[in-house]
Amino acid sequence: MDIKLFIVAAVIKIVLIVFIMLTGVAYTTLLERKLVARIQNRWGPTRVGPFGLLQPLADGIKFILKEDLVPASVHKGLYIMAPMLALAMSLISFAIIPFGDSIKIAGYTIPLQITGVTGANGARSDINIGLLIILGATSIGVYGIALAGWSSNSKYSLLGSLRASAQMISYELALGLSLVGILLLSGSLSLREIVRTQESTWTIGGFNTHLPHWYIFPQFIAFFIYLMAAYAETNRIPFDLPEAETELVAGYHTEYSSMKFAMFFMAEYLNMFTVGCLATLLFFGGWHGPALPFLPPLLQALLPLIYFAIKVFFFIFLYIWIRGTLPRFRYDQLMAFGWKFLLPLAIANIIVTGLIVALG
Amino acid sequence: MVHQILFIIFALMCVAGAVNLLRQSHPINSALSLVVVMASLALIYLLLGAEFLAAIQVIVYAGAIMVLFVFVIMLLNAGAEERSTGSRIALIVGVPGALVLGVLVGWIMISNNKLLGSVAISPTDFGETHFIARLLFRDFLLPFEVTSVLILIAIMGAVVLGRKES
Amino acid sequence: MVPLSWYLILSAVLFCLGVLGFLLKRNIITIFMSIELMLNAVNLTFVAFANYWNAHGGLLPSGKPVVGLSGHVFVFFVMVVAAAEAAVGLAIIIAVFRTRETLNVDRVNLLKL
Amino acid sequence: MTENLHLWAIPLLPLAGAAINGLLGRHFKNAVVSTVALFFTAMSFGWAAWAVKSAWPGGNIALPHTETVGTWIWAGKFTVPFGFYLDQLSMIMVLVVTGVGFLIHIYSVGYMAHEGGYYRFFAYLNLFMFFMLTLVLANNYLLMFVGWEGVGLASYLLIGFFFLKDSAADAGKKAFIVNRIGDFAFLIGMFLIIQHWGSLNYDVVFNGVSQLSPEAGWGLLTAIALCLMFGAAGKSAQVPLYVWLPDAMEGPTPVSALIHAATMVTAGIYMIARSNAIFSRAPHALEVVAIIGCLTAIFAATMGMAQTDIKRVLAYSTVSQLGYMFLACGVAAYSAAIFHLMTHAFFKALLFLGAGSVIHAVGGEQDMRRMGGLRKLIPRTFWVVTIATIAIAGIPPFAGFFSKDEILGQVFASPHGGKILWAVGLLTAGLTSFYMFRLWFMTFFGELKLGSVDVGEEAHKASAPAHAAHDAASHAHGHADDQSHGHGGVHESPWIMIAPLMVLALFSIVGGWVGVPASMGGHNEIGNFLSPVMHASTTAKIVAVERGSEAAGHQTEEPKENSSEELMLAGTSVLVALIGFYFAWLLYYKRPELPDRITAKIHGIYLLVLHKYYVDEGYGQLIVKPLLALSTVVFWRGVDQGVIDGLVNGAGSASKGIGGELRRIQSGNIRSYAAWVAIGGAAVIAYMIWIGVAK
């Protein structure tokens, strides 16, 4: 694949994906409000536009137009840098994530992945340490929150950011370890490769179960761990202690307002997307789904993307659902859960998986 | 050519970060400068074909160790550095020593430039995770296990040290 | 093609900056970071030489061929050790701070807490 | 040599006892302590008896029998083994040491029953046994020296057993220090031996010596012999080093009996007898030995006459008898010396134990002037002491007669200056008889004056302060005894104390019969038994050969020709003993007022004798004081304070000064340290460039 074509395609893909993601974030907030409202037997936003559909737009405009307050005693440079860092790191992950295999446009086979390339023989490939890069981006993302809290020069913010850093460092271990089982089964760190290994169906002892070859089946424990850890990583209920309203006002972004606050907000929702995407890619076969030959060719071509979107939507839905139903952990419970339950469980899972892989 | 330009960019980022580490008086700025150095080094590792190392450089160094530093700085609420003069020797002896050290090593490298040859972006899959894994879990299995014990001991030591005396 | 010496010079420069940091900084955490900087500088030489040996081959004094990737393994170990060091070192710093209420090494010049 | 006798067990058994009692004894009951001590001593005695029986001449074990357990020192060609040596001489010594030692252990159980530090006493006693047996059984001089020093240590510990008493502690130190002087000479003698024969093993040394012919003048052998003799003089309390022994009576009485009468003090005699090969080839040294022995005998005897402390009388008696043995050695009559050593061990142990029994009976009183009339009160003690007194006085057929007669006969027959030595020996025998019967009469006859009589100001005026202190101290000891007994009445000692006395009494009677000379119808078995050890059995012969043919002829004919002469000599000595008895009877029984009159008349001489010829004072003035002054002025103030302290202080202040400068490097500031590391690193790199490692 030509380097120029790659760059052009990449730029187009970046613009598209950023636009889609940010729009997605906006509408996820609406979805959340609506859903939570339904769970709580309310209506949620209904006034702006039909069914309140224009509400996100209104919110966006409000964020942009609001006065950008910078408190006097903050560490200014870091105060400004922190939300950008958070947003940037959550966006970087999408450079690695493959949303689908590829599409053919004007004779070119374009992989549906920013960093994906099509080789000379037509085979698509991507970064061979993709998963690690996502983990790295996540771990760098911690700085955004930590620095935000610290530079705000406010008790609530500092406490929130301290909680956030400790929590994210702790759960990153469980998160990383929960993925090792997948790596053992797939034998690759490349996301595209991992998805490729989930194409077929599970056969046990020569018997075709017709179950898709998704890793959720053998790795359901890992999936559970991953989900718990990911929720903690994204600071969502029931692990939203860094921004626990009842204790810390708003946690690390207490002192933020206007667009800077919106960046944190977007970063959080983008991280939810990342988690959803990763869960889809690693456990649910990515863009694979039942082939539907009766559909028109255009839809056929977009089918993988639709499957992918449906799966991700499921996770987003789960997030919101859980938010609407579960209470918040206490901090020591959070730490104990992470260190004393998830971590040993993840290690046990690795051992069992490793044994199974090693013994065939 | 591209390779060289990339190297120079990243190297400059590295050196700038390191110099900034020295220049900043507030430890958190120094810490962030060090994160920049490490991230740039990760990029240089990529230039050297060490993808796996680049990834764990980011995850472990920048993402874990430096977060720990930042965490401690925040915990202790460390302020800007005091300009105390506790050690004149460090200035009189140490700084020239360090400079001489750098100049000497640099001079050796420059004078032996031909002998050392040059490095290309590896065309092979050199540095792939598989190969490192094979080395690590076969040829270097014992050191690997020993380091894991070391880590365990370090954890326990940190817990003991960090515990408040009752 | 980048000459190997560039990497090594970069490494030396970083190392010397680390040494200077150790010499000039007063904050014990910053000094600790200088140590990390030095470790990183050394790691760079490991990786550079790993690549070099992988490309050029060569024999060890014992007659065995050089395994270029060994350099990577060493970097890995250095990282592990650095992590351990950071854990213990920062715990020590916290302990020191608790008793002496300062992070200035010029004030921590007795061999006791 | 086929059979292994495990001789090492003989000394090690008491060591085991000492270890058990010494380390754990504090928590034991007295019964356990004594059981342990007695058991190991008895085992040792049994083992020794078995070994002697197995190795008895004529059996299938060739004598001397050597057993080497291991190598102790291995330095180049010079090796010192842990070797044990059994021959006729060590057989006798082993049996005497273990046998008498065992009896005295039994006795101590009764005697020490009420003393503090019971376990300590028995641990020391067992320790002593270990060292004494090592001394006796060693097959080389160095191992013997270990035993030699060890018994000195045990002696020191036991003399100072009542260490809370200053006088006891001082006496212990005195014994130790005086012995050191002798040991020094012994060491030099050993060095000379090593230099010339490269070994300290008896067989090697004596083989080497036997290649040499006797020395006419003063040469190497004489030097070695004199050094060894001086060492022996220290251990065996000879002039001029005898001063420690009387003071050693500060120790408990069983200790005096075992160590300072029966065994340890005879170590010197044993050593000379063991080294007879050397001595016999050094006639000048022999002469010195004879003269020293003779002097010691007569001096100690005269000193013994004036003492009033029962144990001191016995102490001087011991010194005097040791002098006899030295005298015997000096005329090359080693067998006679060993014979007398053996009989002396019996009757002197008996005397001491008897005296202990008396002291025990009268509640700690040691002054004979306060005793008297004890014959009726403690009859059993009386009888055994009577036997011992007769034995030491040299009245036939008791043991002392034969051995003393043997010595006197040999002295008389000795070709060089024998007659004078004999005359002095005879006089000593008379004196011995006198002071022993004096003791006997004063103790057992007359009136019991315990506590009732003011024991003359005379004694107190006359006593040197040290003596007074000693008296007071022994009173204190007695007082402790008193309290523990709960009553002040005179009482016979328990059977556990009397039984050993009985056994010793038996040996005091029959012990001499093994050496009945030919002239009296005997065969002098002991002389014959020992003859293989005394390398040239008639050692005098060698000397005589050198001195002239006339003496040689005399020697060869001796047995028959001299039998009548020998009988005459024996008669003379018996007569002298009886004269001694007569005077004792006259002065201390018939007319008890006489002694005071006599002493008043010869007051000067009496005081001189009472004060032991002022030897202690003389040593004090002549040796101790100048030495002290020299040490104080030259060595302490000059050398020690000036030079050594100066050097040390100089070194100290120099290091302090340098350190004061250098400590600036150790500022405690980590950045400074880093600076040194950095400059060091730069220096290393620069050096490497310079030598071309990195071009």
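Observations, loosely collected:
Read from first to last, the chains carry the letters A, B, C and D; within each, the first residue is number 1.
Here is the rule we go by: a contact is a pair of C-beta atoms (placed from the backbone, for glycine too) under 8 Å apart; a residue touches a chain by one contact, two chains touch by 3 or more.
Predicted model only: the values in this text are computed from it and were never measured.
Fewest steps needed to get from chain A to chain D, stepping only to touching chains, is 2. Each chain gets a centre from its C-alpha atoms; the one nearest the centre of all protein C-alpha atoms is C.
For this pair, chain B with chain D, the centres built from the Cα atoms lie 81 Å apart. A separation of 34 Å divides the Cα centre of chain A from that of chain C. Computed centre separation for the pair chain A/chain B is 29 angstrom, with centres defined by C-alpha atoms.
Separating the centre of chain B from that of chain C, both taken as means of CA atoms, is a distance of 6 Å.
Multi-chain contact residues, meaning those touching two or more other chains, occur in chain C at positions 19, 23-24, 26, 105-106, 109.
Listed for chain D are residues 667, 669, 671, 674-675, 678, each touching two or more other chains. In summary, the structure contains touching chain pairs A-B, B-C, B-D, C-D. Residues 75, 78, 127-129, 132-133, 135-136, 138-140, 142-143, 146-147, 149-150, 158, 161-162, 165-166, 169, 172, 189 of chain A are the ones that touch chain B when the two sit in their complex. Touching chain A in their complex are the following residues of chain B: 28, 32, 35, 39, 51-52, 54-56, 58-59, 62-64, 67-68, 70-71, 73-75, 125, 128-129. Residue ranges on chain B touching chain D, taken from their complex, read 86-87, 89-90, 92-98, 100-101, 104-105, 108, 111-112. Contact residues of chain D toward chain C in the complex are 667-671, 674-675, 678. For chain C in complex with chain B, the touching residues are 1-10, 12-21, 23-27, 29-30, 32-34, 36-37, 40, 43-44, 47-48, 50-52, 54-56, 67-70, 72-73, 75-77, 79-88, 90-95, 97-98, 103-107, 109.
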